[in-house]
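Pasting a structure below so you can have a look.
Order of writing sets the chain letters: A, B and C. Residues in each chain are counted from 1.
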Amino acid sequence: MGFEAYELATTLWGINRSITGDGVRQTLNILKDIIPKLRIIEVPTGTKAYDWVVPREWNVSQAYILNPEGERICDLSENNLHLMGYSIPINAKMPLSELQNHLFSRPDFPDAIPYVTSYYEENWGFCLSENQRKNLADGIYEVVIESSLSDGSMTYGEIILPGYSEQEIFLSTYICHPSMANNELSGPCVLAKIVEWLSTLTDSKYTYRIIFIPETIGAIYYISQYLDIMKNKMVAGFNVTCIGDERDYSYVSTRTGNTIVDEITNHVFSKISKTHTKYDWLKRGSDERQYCAPGVDLPVATICRSKFHEFPEYHTSLDTLGDVVTPKGLSGGLELLKRCIEATTLISYPSASVLCEPQLSKRNLYPTISKGAKPQSTQMIKNILSLSDGKTSTLEMAVRLNCPIWDLRNSLDTLLEYNLIRIDI
Amino acid sequence: MGFEAYELATTLWGINRSITGDGVRQTLNILKDIIPKLRIIEVPTGTKAYDWVVPREWNVSQAYILNPEGERICDLSENNLHLMGYSIPINAKMPLSELQNHLFSRPDFPDAIPYVTSYYEENWGFCLSENQRKNLADGIYEVVIESSLSDGSMTYGEIILPGYSEQEIFLSTYICHPSMANNELSGPCVLAKIVEWLSTLTDSKYTYRIIFIPETIGAIYYISQYLDIMKNKMVAGFNVTCIGDERDYSYVSTRTGNTIVDEITNHVFSKISKTHTKYDWLKRGSDERQYCAPGVDLPVATICRSKFHEFPEYHTSLDTLGDVVTPKGLSGGLELLKRCIEATTLISYPSASVLCEPQLSKRNLYPTISKGAKPQSTQMIKNILSLSDGKTSTLEMAVRLNCPIWDLRNSLDTLLEYNLIRIDI
Amino acid sequence: MGFEAYELATTLWGINRSITGDGVRQTLNILKDIIPKLRIIEVPTGTKAYDWVVPREWNVSQAYILNPEGERICDLSENNLHLMGYSIPINAKMPLSELQNHLFSRPDFPDAIPYVTSYYEENWGFCLSENQRKNLADGIYEVVIESSLSDGSMTYGEIILPGYSEQEIFLSTYICHPSMANNELSGPCVLAKIVEWLSTLTDSKYTYRIIFIPETIGAIYYISQYLDIMKNKMVAGFNVTCIGDERDYSYVSTRTGNTIVDEITNHVFSKISKTHTKYDWLKRGSDERQYCAPGVDLPVATICRSKFHEFPEYHTSLDTLGDVVTPKGLSGGLELLKRCIEATTLISYPSASVLCEPQLSKRNLYPTISKGAKPQSTQMIKNILSLSDGKTSTLEMAVRLNCPIWDLRNSLDTLLEYNLIRIDI
């Protein structure tokens, strides 16, 4: 599915997304082609969400600078990172010295156009590479931004896939960044393919709640609407971002670091790769900031390959499809998220049905002639039975047995089939 | 007592024990000579015990093979390991190729006769060394097994030695293996000598419940009869096996690893020898499998010198008196079990009788002239007093003071005598 | 303040203190000059305190030995360590051989006069250097001790400085040793300067309970009178001793090692110096023995530079002002105690006032243009907010953020000012 996710990212690449506006709508509509059940929700400007207010909707038709020679530079239509997000409209001439106050570049990455926004204070600006900036000649520049900031709405997408339990697995990603690949197209593209896969499952244990939202304000709004439901029903949640490059896996723990999702990520990541990185809550930076905030306290971990802030191309024009995000990288991200989901669904608390060891040989689960070491499947069955006290989770068993939780699946099925364990849901 | 235990093992050596039959009865009757209070119990074939049923009783009068030359080989009367345990009766001639399906040897130990059983499926077989097997000539062999499998009973022994408390220390060993020394004659021989010693004590704090049983089915049957009593009364229990060789001490933790018996074994073994081995529950294999099973959850540890499965002679004819088990080895096993019992009896939760430090000097427990370091006994008394909060056990004190719990005995006696601590039972 | 504390120590140096008597009164009266609120309390001889009785009051006018040449040696007026504390009166002639039973010296420190007492058994003695002792000629010696042991009282000092909460910080030191500098003049001198400083504070959160007592019997008496109050009100307490030399800081944990004062000392000492020493309860030896005794269980740690018993000059005439205790050493001791007090007062359990992250930018607490790393003060504010769940103390936050708790003060004040956190008292 890595190639399909990559293809989707290519389709979404050029759209000028922000936290509101037509770029988000366009993106969600393309996702809806793949996920017909996707519900697209509009939240009006001015809607309150805890300490925040949904901002005015921002749209841009064009934006560029004319240099003293009359040439267009920093043209939005060339690269949508050139325009600072949420820039107000302007049409003005000014000398370079004044323009400089509105230019942003990264001396540490002289070829990169940085990604800059000013959502909550009126301002305008252009982003360009340090090399381009250094070559700007003195003279009078004309600045053109045809943007609008007006009452409208914030748009997000939601899918609920019902399982036979009302308990939920929660998946979240964001769709508010312009043309950057790892942060963020990898997130919605991987999640879209996962939703497609989950939709094909017929006997799902858990219900899935999946959202595609603008970062921060989207998460805060969603929590403000659904906190009680999420607190009551959520088994575990994963915030998915920066998951399409080929570098090591990483994740951000919850605030307390001791929820079920921390156990799951600790386990899955250790079994997927020895060289992953576990980031403490102090290294947070994505929507886990809201999901795990004091009083919200949802068991949500952020899972990544190269975490935001930790890879050199982060939040610049260098974060591209091809160089940073690849089909192989996305494929690994898909595998990771699938394993996290699988691990979550496999967690249970088996209880042995009989006191003392059961007689496995009469059920053909044990060699009848006793002459030394037993086959591995027999050992697994005996070990699971010996730990099935109703208080030890299958996840704890897997940790203790030093194997991935998915390696327990067959033996658990056998034991259930023979009524040797009970699992209460 | 090591020599006496060794002598007893010599007496018991040649008996053909199995999980039922006259070999067990004969063994228990010899033990009864030393321990007159030993109660010998017969449990009828067909008695249910949880998931199990007491099997038919197995007895053998003779068993051997006649080779093509008419010579007796694999003769039970030469070594009772030659016959697979629970072999059904047979008198038949067959070519070597067919016989091979019923022969067992160990290519990894070419001189050893392995120990093999088939308790719960009807079968027959002979065990021999790999070297002997390789030299068998082609031809017709005659197999003779004069055995019986018939309704009878499973036999075990039990002694209860009452103390002034109804709380119990539990000791268990098994008596179901033919001629092997460490696994298992070391267990019943050491335990018999311990019972003899315990019987001489006149002011025992705890009641002792001691059983000599067939492994697995014996333990399961005993638990099925006495689980409530054992759950209510057991302070700690020790399953004693493989305790007569001269190699390092070792023990198997309970399933949870955090019961009182785990604390006791952790402590005693660390004070007895720096080079002991602590085995996790996943390395279980003896009757602790039943005593610590989910829902049974008795605080029982298995204590050994070289643990079953972990020494090269295990379950073969190489596990002999003299080569593996020695008087010195048995003596060390006796010492170990005594220390485990002593540690258990010494555990209490002292409470200081006065607030703040008592004035030790007016009781002549402290030097009256203060001029520097105090004698060690004074330090011990002060340290025990300073930790006697009614919640800290003497075992925790010993761990904290980095000394064996038995080193606290004198000071505890002194403090009790002077009414400076109280101990609630 | 180090110089002032040193000057005070110089004033108190020559006084012949013991657990009772005019030396203690004289010392407390000098302290009262600095701390006018100091209340001086007399506890009559014979007063019971738990297992103890306040002893008779001891005073000495003169004490010396006349050697066979008629020369005065071991003269109290030269060094008050020469006389064993609580020596009974005597005027007798005896040969050297008999006198030797009453002489004390330290072969391991041949130039040092040791400090020796016999509070609770009637005896007399002289202390001298090993070198002096070795040179004593045979002959008849005359021993003169003009002391009195009579009904009187034990004297101690107490100050209560009220804060706006009734909860208390407790400070304790002792004033019962003759001329030795680190153990003990450093304690009362540092504490006197701290009291002077605390008296100038106008908005103190906590009430301070501060005592200057004779060691052991003074602490036991004080606990016997005020245990309920102290148990109800004490937030944390510090026993201050051996705090004036220039060597590393150290402290003695409470018995359990897990009280709030253990958290405070662990934190403060680690932030003050990487090379401090944490002593386990088994290394106790000062009044923490009483404050943390079973059933008393007050959260009191003993804080030192070189701990009693652990520096070579301890309890000898080598423990002098100048050589061991210096203005710089006392200054460091003062700094340490101040930081311990400050840390205690800064401990609280903030709760975030809004769910999810608040919008810091609208309060000018966050850069409005988002373009990468945030300033450190912003990070501190965001981190504190993200941990303000009402269950995490500011001390735990400081540990997690790996900075001294006092570095949180400004951000906490800002967050309180903006009503972004609540702190319940």
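Assume a residue touches a chain if its C-beta (ideal position, glycine included) is under 8 Å from a C-beta of that chain, and two chains touch if they have at least 3 such contacts.
Everything numeric here is computed off the predicted structure, so don't read it as measured data.
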At the interface of subunit A with subunit B, does the proportion of residue numbers present on both copies reach over half, so same, or stay under half, so different?
different
Tell me the rotation angle, 0 to 180 degrees, that brings the C-alpha atoms of subunit B onto subunit C, to the nearest 5.
120
If you average the CA atoms of subunit A and of subunit B, how far apart do the two points sit, in angstrom?
56
Note the residues in subunit B that touch 2 or more other chains, in rising order.
none
The subunit B residues in contact with subunit C across the complex are 351-352, 354-359, 361-362, 368-372, 383, 385-390, 400-401
So, in the complex, the side of subunit A touching subunit C is made of residues 49-52, 84, 104, 114-121, 123, 125, 216, 219-220, 223-224, 227, 255, 281-282, 284, 289-290, 293-297, 315
